[in-house]
Structures are given as C-alpha cells and as structure tokens.
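The following block contains the structure, expressed as structure tokens.
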Amino acid sequence: MSLILDVDHVGKTFVQGGLLSRREVEAVRDVSFSLDAERPEILSVVGESGSGKSTLAAMVLGRLVPTRGRILFEGGDVAAIRSRAGRRAFMARVQPVLQNPFEAFNPLKRVDRYLFATAANFVVGGGRTRAAIEERVDRALVEVGLTLAEVRGRFPHELSGGQLQRTAIARALIPEPRLLVADEPVSMVDASLRMAIVNLFGALRDRLGLSIIYITHDLATAYYISDRILIMRKGEVVERGAARAVLDNPQHPYSIALKQAVLTPDFG
Amino acid sequence: MFTIVRDLIRYNIEFAVGLFILLLLIAAVVLSFFSPYPAADIYVVPPDLPPDAEFWLGTTSRGQDTFWQLMIGLRNTLGFGVGVAFLSRILSLVVGLTAGYAGGRTDRVLMAINDSVMVIPQFPILVLFYFVLKDDMNWLMLVLILSALGWAYDARLIRSIAMSLRTRPFTTQSVYSGMSMRKILVEEHLPYVMPVVFATTMNNMIWSIGMEITLSVLGFTDVDTPTMGQMIYWANSHSALISGIWWWVAAPVGAIVILFIGLFLLSMSMNEYIDPRSRLNRMGV
Amino acid sequence: MPTAVLQTPPAPAAAEPVLVVDRLRAYYRTHAFGLDRDIRAVDDISLTVAPGEVYGIAGESSSGKTTLIKTIVGAIRPPLAVVGGSVRFRFGGEIRDIYALTPAELQTIRWRHLSCILQGSMNVLNPVRQIRHSFQDFAFPHMGLKPAAFWQAVRAHLARLDLDPAVLDSYPHQLSGGMRQRTTIALATVCTPEFIVADEPTTALDVIVQRDVLTMLRDIQRRLGSSFLFVTHDMSVHATVSDRVGIVYAGRLVEEAETPTLFRGALHPYTQHLVASLPRIGDTTRRASLPGRPPSLADPPSGCRFHPRCPLAMDVCREKVPALVEAAPRHRVACFAVSGAPS
C-alpha cells in the first residue's frame, strides 16, 4: 500500500505577543492521518473556529513547518523540500483552495493574472503559446461554471464572493494536481452552488483520482460528499472514522454538541 | 493617483501648501539653468551690493549675484536630497521586502547588517570619510555615502509591513501560481509599501540635506559645488554678518527654512494619507 | 428543537416601517475600451422592514445581495450608481432619505443608528496594527465614554461574543478566520445600534460559534428592539433567524414571505429549488444543482430572468417581466405560473 500523504504525529506551536506578554499557542497537537494513493478520497476536517484546521492545512501545503512530527507526501518529507525545482514539482501536485475568497486575491491586481501565471508556470508540454494557455485557463473555468470572458480583466472587488471562489478553484485545477487542500471552499457560496462545487469535488475524485482534504464548517456537505472525517477541537483530533458513521452516531461529547448545533432548514 | 492628489489638495491644507512650496522649488531649479553667470566664477558683478532692482538679493563679497547663487545652490541641494532619497529607498526596499518575506536566516542576517548601520554614529563617520578621501570627496561621493547610511531605519519599517503581507492569503495564492519571489515582491507587495516609501522620502530628504549643510558649513565637503551649505560656508569665511552683508546669509537660511517647511508639510500630509483611519474612511467603511 | 430558541413572534405588520425601499435600481457602470457596460445588480427592488423585524435576504452568489445592502446603507462608490428609487429610514420618528443626506450626516447616522457588518469586512482590521487600535479609532469617538469605562464596555462586549479580551492585543493575522469575524462583529455592534445590517456575518464560523453569534445578534436586536436586515445565502440560517425572507434572483426580488411559509409552501420555482437543494445530515440522496449558469447581469435574459433555467417556463416568460404581486397575505411572488399570464 503506498501513501500519497502521511501525516505523522504532527504538532505546531505558535508564539504570540511581545517580550513581556509572551504566550504559546498550541494550534495543532499530535495529529496523524494518511491518504491512500490507490483509493482517492475526500477527507473532511471539521471542528470549531481556531481548532487548528487552517494550520494543519498550511503544514500539509508546506507553508508552515511542523514543530513536531513529520508530513510525507508521496514518501518525501514536505518540510525537507528546499530547492526551487523541488518546490515547484511539489506545488504542481498539491494545490490549495483558500478560506476567504475576498482575501485570496490581491485587491490591487486583476484576478486573471493568477490563472495565467499558474498555466504558464505549471503546464508543461502542449506548447506554452498564449492560445494554449488561454485554452487551458478557460477549460478550468468552465469546469467550475465560469468562462474566461467573465473573469478576464476583472479586479477582485468586481466579482461576487462565489465567483471569486470558483475562480480560485479553477486556478488550483490548472496544474492537474494529485491532492487538493481546500480550506472552507464553499463557506461563501449558496446552497445550490455549494452542491455544484461539492459535486465537482466528487467528480474530480472519481474521474481524475484526485484526493481532497476538505476543511469545512458545513457538516451537511461533509456528510454528503466525504469518505472519512476528522473532528478537531483545540488542535486535537477528538473523533475520526467513516464520515457517515461518525455523523450518524457521534461518540465524543464535542462531536455530539457539534451535530446538535447544526441549524436545520426544517420547521416542525 | 491623480484623484488622490486632487483630493489631498482639496481636503488637506498642509498638502496644498507643501505642494505649492515644492512647485516654487522646482521653478527655482528650472530657473537655475538660465543663470547668466557660471556658478563657480567669482567677481563677475560688483561685490557687497545690497538687494536692489538689479540684484534682487544683492551680491556677495566674492562678486557673485546672490539670487543666481541661490538658484543654483537650491538645485544642487535638492538634487542631493533626491539622489540620497532615491538610492537609499532602493536599498531599504530591497532589504526590507526581502527580509520580511524570506524570514528565517536571510532575515536574521539582513537585520544584523541593518541594525549595525542604524547604530553607527553618522557624523564622526562622515568626518572620517572626509579626512580619508580628501579631494575625492565630491558631491556624488557624499550622495553615495549618505545613501549607504540612510536606509536602515526605513528598511525595518518596510520589513514589518512585508512580514504581514507574507501572511496574507493572496501571497499563498501567488506562491502556488508558481510566481517567483522577485515577482511576488515587485508586483504583489511593492504597491502596499509605496505609501510608506513616499512618506519616508520626505523625512530622508530633510535628514540628508541637513547633514550636507552641517558638513558644508563646517567645511568638511567639496567646496566647488555650490549648495545651500556652501553658500553659508563662504559667507561665514568672509565674516558676512559682521561686515553687514546679511543678505548673503539670510538668503540661504531663508531658503532652507522654506524648503524644510515644505518637506515637513508634505511628509505630514502623506502620513495622514497612509494612516489607517483615513484610509478606511476613504474605503467607505 | 434547538431552532425554536431563536424564534420570536413576528412583529405586528401594522406598525410604521423603519425602512422603506422603493423601486430601487443600482447599476455598476463601467467603461472599458470605449465600451460602456451596465451591470444591473439591483433592478427595481421594493421592500419594507417593520420595527423589531428580522428581514432576511437570500439568493445565489452574484445575484446582487451585497450590492443591495451597499445601496441601502448609502455606501455607494463608483462604478456603483443609484439609477432610480429611494431608501428611507425612520429613526426616532424622523424620516431620513439616505440619498438626500450630506456625507457627514450619513457618517453620523451610520454610527448612531445603523450598524453595518459588510461582507468580507474582516478586512476592516488593519493588518499592521493591533486590534485595540481599531476599537479605539472606530468605536471610541462614538460611545461618549471615559477611556476606562469604554474599555470595560468593550471587554464585556467581547466576553458576550465569547472572545478572549487578549484579542485586543493581537494582530489580525494571528487570529483564526472565525475569531477575526467575531471581532469585526463585536466592533460593529459595540455601539448598540437601532438598525443592524449584516451581510454574511456568520459565513466563516463553525456551527457552534455561528449559533452563538446569531443568538448574540438576536439578543442585541431584541434588547434594543432594533430591526435587522440580514443577508446570507445559507437558508438554514434564515430558517433560524429571519422573520421574513426575500429571495433575490439576478438583481430582482422574486419572492417574499414569512419564513415558515417560504420553507413549507414556496411558490416561485427558483425558491422551490433552493429549498429542495439543501443537504441534511442523514440524507445522502444526490442533490442536483440548477442546470445552467447564473445569468450575466450585464445582459440579463429578457422577460423573467429565470426563464432559461425554469422548468415551468412558458412563452410569455421570455417576453414579459412578471411583477411582484401578492399571491396570499404577506406573500409576494413574481411568476406568471402563479399569478397567471397577462392577457
């Protein structure tokens, strides 16, 4: 069995405050999980605000170095990738979708620059002509329900939250990565589109064999789409397992509280 | 950019006055090119004449027209300030942005250099340079030396902004779009530090011009390029005040005061412009 | 049933409305390469909000919800332009036409009477300064308190939002997304306003905090008897908080009803789809998303803007615009399949 991702007893401690009010925050403590290369899956990570989900995602993406433990991607230690070529090869295989679409693009720049840069930097072969790049960008945009014509030349504040998030997902798809780390990718979009994006994740998993780490607050979509789930609290995984089994019948008191706090659209 | 300037003129009296003074100075610089006498020539006009219709600011004991000396001096002094500001801004941008973005070892090394430059006693170093270089100590040399001394404080400021820019999600987006560090720094981060760069430019000019004047008055610079400091130096060495040639001293001193007020007003209004409070107001929050 | 906790009886319909929006139109007018383009993000919307009422606005992404909110609170900056219609608030018996106010008056009103939590407003927090400066800058001048009392009020308010007062000494990037959003809400509500406008205020929050924040917002709203205009695309949040919900599609209000009616007996095909597409724990049946794409607001479909995606579309839908008419008491719908095609 080969692992695409192996997170091995990982922890991260931040130091906050100045010299006088120095305070340590243990954002992630001793988290382990792995993703199997043969069985692409969607792994949901849910948990309270500040429980370290984004920190965990940043470590998987190689943006933060774990204080303890190791993260192996396709057998290699993510923190040990130093060379530029190595980083680039890694980024072509692991791509992020960020939390807040309003912050995910530089407000002073047009959004299409990120799409074109990604296509120009990562898509190898097939010619890097302007036309090929545009074609690739447009194809990715169409996959998320947009077109290049709609996005071209626009600044972030000229697009709605949902449009921005779909653009961000399209950008992440351009290098055809193995692993997508999506940090609350649907929190800004409406139910219908949310289902479209979540269904898109399912299709990417089934069609392209893409593994997806899906960080979310929305337990209903986690239930709907994911194969496994991790429930985090204060940096620790408090419960894990098959998504539906865990959410149908949560064991840990926090998981139970979480499920109870879900707002339902039902009256009665 | 144009709308910013227009709004600043309309709503910010300091900016308007500062801009007016700046325009006057620029006019002086332009005018200096039409000087009827070469700057270094002496005894081209009768010496020691008080201001009158022909010699608006009188003449000096060296037989030079004070008005034209002043125009040329202003040009050199301003050019000096701009030169130092320009070079030292580039240094502080490169160091600040790189240190803030790269972090880790790069940051520590750059900041060690930065802090050493910051604590060097500037004046003794400059005097030392003068004694070592002697005749090679010209206008351009002084620009280079002051630039090398004047970037450190602002580099730290830029670094702190760069550090927070690094944590912004759009930086992650750029990194995963495969952009190089240079591209991220120049195209994504630079626009955010430009306001700070503009604001510190004014302070830097006040500092470097002040430095140059002090050195000149004490005679620690090349005496052949006329600047504000040079004028005072020559006036002093001819005991102008004692012999009643007050205009020779008053002209450069007045010009310096006006120049400093202008720069100070501009820097103040720039500060108000980059202040988060007014920035948020403009964003309509 | 946890939902019941947050429900209050709907405000009496007879009371004078606090907010009257009348035939409001606001377009983004952009000129690019000599080409003028209008994005009709708010097109002919009329609605009223009663005192003490929570009016919810729902609709898909880029349907113009945020634009509607911006237009209502007068946060209009080019290229956004109000093309027609009016927005009138009633504060302390006095009618205030938002578009007739000077910028200074508007600023005062925004802090005294109105409180706006705008979408993506976490960006309000300056990334290079500690949070306390934001409180000092925005709230202090408007609270009329001595510094000690002010900070005490701030701390108490933060505690109500389940925030550690230590956030005051943090920089924005040191807080998690949720904490930042709660801090922004704390900042916007610390002055206890009469009319709260919130655009997606809980979207980045976890379910437990979301519940707490909604409870807190409702709490402020009830204590002060303030009215509340609440935008979110999340229908479950509307089910929990809103007394009345208006559904926006492509810049138009297409249906408006009291919340239970809307969830149990929606009449507009779009609303019906919206309610049916909601995922639920314990239910894994495949949810289809709407076919087609959200219409372009620069060139919206003729007639009923929903017709290219509507399963019930008729010929008349392509030609005529259905008016928003009362189909039942306090239930307005804009659809020919409901109101009957005009002759």
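By letter and in written order, the chains are A, B and C; residue numbering begins at 1 in each of them.
Everything that follows uses one rule, which is that contacts are C-beta pairs under 8 Å (C-beta built on N, C-alpha and C of every residue); 3 or more make two chains touch, one makes a residue touch a chain.
Not measured: the values here are computed from a predicted model.
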Chain of greatest Cα-centre distance to chain A: B
Chains most often in contact, by C-beta pairs: A-C
Whole-Å separation of chain centres (CA-atom averages), chain A against chain C: 28
Averaged-CA centre spacing for the pair chain C and chain B, given as whole angstrom: 50
Distance between chain centroids, defined by C-alpha means - chain A, chain B (Å): 48
Per-residue overlap in chain A, given as positions that touch at least 2 other chains: 99-100, 103
Multi-partner residues of chain B (each touching 2 or more other chains): 168
Chain C: positions in contact with at least two other chains: none
Residues of chain B defined as touching chain A within the complex: 168-170, 172-179, 187-188, 191-192
Touching residues (chain side chain C, partner chain A) in the complex: 1-3, 28, 30, 32, 58-62, 66, 119-120, 122-123, 166, 169-170, 174-179, 182, 200, 203-211, 233-237, 239-240, 259-260, 263-264, 273-275, 277-284, 287-290, 293, 296
Residue ranges of chain B touching chain C (in the complex, touch as defined): 160-161, 164-165, 167-168, 276-277, 280, 284-285
Of chain C, residues touching chain B in the complex: 75, 77, 118, 121, 124, 126-129, 133, 137-138, 171, 173
Complex contact set, residues of chain A against chain C: 14, 16-17, 21, 23, 46-51, 54, 99-100, 102-103, 145-146, 150, 153, 158-163, 184, 187-193, 195-196, 199, 217, 219-221, 223-224, 244, 247-248, 257-268
